[in-house]
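You will see two complexes here that share chain A, one where it goes with chain B and one where it goes with chain C.
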Partner chain A sequence: MAITSIKNLKEFSTNNDRFEGAHTLCPGCAHSMIVRELMNCTDDNLVLAANTGCLEVSTAVYPYTSWDTSWIHIGFENAATAVTGSEVMHKVRKRKGTLKDNDAPVKFVAFGGDGSTFDIGFQWLSGAMERGHDFTYICLDNENYANTGGQRSSATPIGATTSTAQAGTHSYGKKEKKKDIVSIMAAHGAPYVAQLAPNKWKSMAKGFQKALETEGPCFINTVSACCTEWRFDPKDTIHITDLATDSLMFPVYEIIEGHELNILYRPKNVMPVEEYLNAQGRYRHLFKPENKHVIELIQSDIDKYWDMLQRREEARV
Partner chain B sequence: MSIEAQDLDLLANDNRGKHQLEAGFDLLGWDEVTQGSVLASFEGDASDVAHKKSEERTYSNYNSYTATVASWRVIKPVYNRDICIDCQNCWVWCPDTSIISRDKQMLGIDYDHCKGCGICVEVCPTNPKSLLMFGEYSDLGESLADWPEKKKKEEK
Partner chain C sequence: MAVKFDLNEREVWDGNYAASQALRQADVDVVVAYPITPSTPIVENYGSYVANGYIDGEFVMVESEHAAMSGCIGASASGGRVSTATSSQGFALMAEVLYQASGMRLPIVLNVVNRALASPLNVRGDHADMYLGRDSGWLQIGAFNAQEAYDLALCAFKIAENPSVRLPMMVHQDGFITSHTAQNVYPLSDEAAINFVGKIQPIDDMLDFSRPVTYGAQTEEDWHFEHKAKQHKAIMDSKPVIDAVLAEFKELTGREYKRVETYDMEDADVAIIGLGTTVETARVAAKNMREKGVKAGVVAIRCFRPFPLEEVREALKNCKAIAVTDRSSPGGAMGAFFNEVSAAMYTSTNRPIITNFIYGLGGRDFSIAEAERIYAEQMAHIEAGHITTDIQQFSGLRGPKLGFFRTERS
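Now for the complex of A and B:
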């Protein structure tokens, strides 16, 4: 596989972008940072598919497409199915020798939002992982159905207000905890599973390259800060993602072969989660005296999870 | 220092956004599009796109590269070449592929695709910043003349 250099940003910047501007994602959306980074990681041919979500509806607004590679527009749940189907077709045609360029390396990548990964496309994703195709699935996790007006998904963390789990006099927002998708995918026995963040561009690029290189189904969950539904200023996207990784709300780690866990980023100063919550409008109600217990619950969950990750890294289980 | 962004014929391209405004663009109606339709991003052979720079590619009319979202913007980033250290932070984090960078050098901003989010200004590490937000209709020369002085450490 032809890998492009990610030694430093200057070398990385000599890549030729294959994701074009004038898509209609919100200003300051982290989705396109992640997609651009993936497409700059390699100069192999790419076959991409996207589940319905912000990314799909914004990058293929008829009559325009923002993709300079093969890209499949497919239903809400089956990007994983479409891309694995293409992968099998490519394998067969390669065997029969009917491809235009039989030796050209091709990588298969599916994108999904958190709604289509955690909820609607979960069965399809799980099936594709079980069948063991050689593809990479990237979840752009912005913790709600941002495309349709910010409804709750099973990726929405506890305490966040969404349009279908609103905070008010009787509620502090969503009451259920977030699904641990990374562990679920690691339990499928996938050779490479990771959670990455766009502010740590190097670990993200490395993770993407590793996933593309690895044969077999790989899953990557990426943090995609949503300025519209998380309610912060568009210019602060990277700042909010910094807070998310430094407060360990989104720890950056990888799991190889379902058991070998490596933490990829250890913050020098771990921030209290209040700072992350305070920077976003969707958590504003938690700072009322009657909701203080929710912040304490979030903090204790984060501490427990970080402790678990560190133990797993040490024990290699 | 030989190439300038203007030489690349990327900025203020006359064709950008033409089809968004003109009715002459031959489009299928919503009831005429069938399943399995393909939009071609390029005219002719596109097998080596990964090794071609934007100015060498043959974009088709269906590629959003030929469109513009400049009307979304109320403030715009202005670039000051004199202070820039070519760290490429703005390039890696620009969500709209609007930072034009060639041969490890930052050349300028693609104002047809920039939506004015301001992330490039936030991630700029120089002191003073080499990218700053100004009003959409501000003049380039005036903006550069208004550039703040270097901040001393205690003022930060």
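Now for the complex of A and C:
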């Protein structure tokens, strides 16, 4: 029996759920926390789809599966389309009365990493959002192609070093800023869009529940700290995520009906981004004197974005 | 309940319309589609049947053919009847997911209106797209006219969804020549059609939560080979089911289809073997040649996958010279169909002369005169006792003759 609202972390860590413990994700990977939270926040039946990526390769290696519910993976780019194909079939079969249990509520959820969401699957996601299917798309954003050894994606922040945007004697790492996927999804007219973080697990559970309850296409970007490619100790996943949300590198907020913006976590003491960057190997080179300007740029971008979020929250536009 | 669609005993339909009526009568639950010439009317019509209540289904227009097949996979894994249509570039864009659909053993029916692959861009019919699908793990059957496009689309659901088959199936027709040529078509009544096709039996249904299923698992060197071998075996084992469904269809309609069709082959010395509408042209040419005293025949491959190797060998067993026609650019090799027919004949006791004709690319007309010329050339080979030309020739090409590959048998 899944719990519909998580009262404490002990309950969360010990309950039986539909995502089995046996998987091959890295120790310290935040993906499994996020997935478990989604699957625990509802008692409804779930049809899940996953794009190719860390989650997919770690949970369905024949003859094993970690999924105690319906699950499908087709390719790198099309989880949104796969799950909405299922959603459409559900509609028809419900109408015709050909389902095994015609009255049981079903929710449709697609998972993708940032590579498949921001880059290769962007068109498939956009199409599914535009068509207005009743489903939720959850991006597990670890800001790189972690499954293939840490290449840059359009979610990789400026200044991070990756295998295909390397820091070196003539480079400070990735030159381009991160794509603002949350705004892009809100601009699709999606009824519910949010950015959530697993350290703020109560707001995450609430956000997931809102998305599942909302009719129509919902999008949630989740911060998924990646010890392997961000380069930190696996035991520090939540600590790093705390730094991410407290420095406002990852602000936690939701946008309802494309305009009603609510900030869901407001740090008491906003932490300088330097502390977040300094805790990860992928930003180490930024602390050389010649790269200081990149840290300043990141900080100034964060400040501007936070200012914008607060103004939008106030203005309701 | 769907609104009744009035049908006459005899309708005048083109291949596209005929295929779309088969989709309606088969009570297809979901069509996920993206438009592309010349296949567009098939899915447009399905959409209009939904819009006007002639079918209780869902029509989903997506943003690309890749997404169309991806949506079909999600829908098909959810237990209902699924179909779509495409051509050419759209087929090429689908290629990745075609393999996924067959690997997951999902009985999707794809109507492929054959069209050339760019570049140069071309909207006319050739078989480049059909050839692109030949290793994709789908069953492939070919319709040569509008009646057949209708008949075989109905048969395809029954074959693909058969619990012992459970493989996706393509129904091919030639772009424009079949898809846009209106002819007399004799449809079944709605009742007779759905009784013939039957209801789909959901297997490994994602919407049956009493028995969770994982679709699209990963296998590496430990299991991948076994999965692909099983898939190949399933394709090979589908032959008796295909034959049984075609036989049942004949009983119902009187219209007979075989995986390999033969025309005037009983005593033929020379034969043209081909795919698609080419066959009807070759049949007229063969009749003309017989009036001139040449024992000419035609062999048509209706079922391209599984490839009917034994049936091809049987059909051609007494032939002295065979012209194998490929309507796809061979890209630096013999035509793919030539290679497959050659494999059938090399493993027979009769080792006839075999040559390859590349023809009709990008919709270039394949004329009766050209087919007659091919027959005459086969007779010249027989008289000489060996191939007197290049093994591979481009037929119907402008400018000087173009041929490749020489034989050692002279």
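Definition applied: the second predicted complex is superposed on the first by the 303 of 317 C-alpha atoms of A that agree within 3 Å, B and C clash if a C-alpha of one lies under 4 Å from a C-alpha of the other, contacts with A are read in each partner's own complex, and residues count from 1 in each chain.
In the analysis below, a residue touches a chain if its C-beta (ideal position, glycine included) is under 8 Å from a C-beta of that chain, and two chains touch if they have at least 3 such contacts.
In this text, all values refer to a predicted model and were calculated from it rather than measured experimentally.
With chain A as the common reference, the superposed partners chain B and chain C clash. Of the two partner chains placed by superposition, chain B and chain C are both touched by A:101. After overlaying the two complexes on the shared chain, residue contacts for A:123 are found with chain C alone; chain B is out of touch.
Using the contact criterion defined above for the overlaid structures, shared-chain residue A:32 touches chain B, although it does not reach chain C. Applying the stated contact rule after C-alpha superposition, one finds that A:17 touches chain B and leaves chain C untouched.
Using the contact criterion defined above for the overlaid structures, shared-chain residue A:91 touches chain C, although it does not reach chain B. When the two complexes are overlaid on their common chain A, residue A:63 makes contact with chain B and with chain C alike.
Applying the stated contact rule after C-alpha superposition, one finds that A:78 touches chain C and leaves chain B untouched.
With both structures placed on the common chain, the touch criterion links A:47 to chain C but leaves chain B unconnected. Across the options 4-12, 220-228, 274-282 or 292-300, chain C meets chain B in a clash only at 220-228, per the superposition defined above.
Touched by chain B in one complex and by chain C in the other are residues 45, 60-63, 65, 67-69, 100-101, 104 of chain A.
Within the complex, the chain B residues that touch chain A are 19, 25, 27, 33, 39, 41-42, 46-47, 49-54, 57, 61-69, 72, 86-89, 91-98, 101, 103-104, 110, 112-119, 121-123.
Within the complex formed with chain A, the chain C residues making contact are 29-30, 32, 56-58, 60, 62-64, 66-67, 70-80, 82, 96-97, 100, 202, 205-210, 212-220, 223, 227. Those residues of chain A whose C-beta lies close enough to touch chain C in the complex are 45, 47, 49, 56-57, 60-63, 65, 67-75, 77-78, 81-93, 95-96, 98-101, 104, 106, 123-124, 126-127, 130-131.
The residues of chain A lying in touch with chain B in their complex are 9-14, 16-25, 27-33, 36-37, 43-45, 59-69, 100-101, 104, 198, 201, 233-239.
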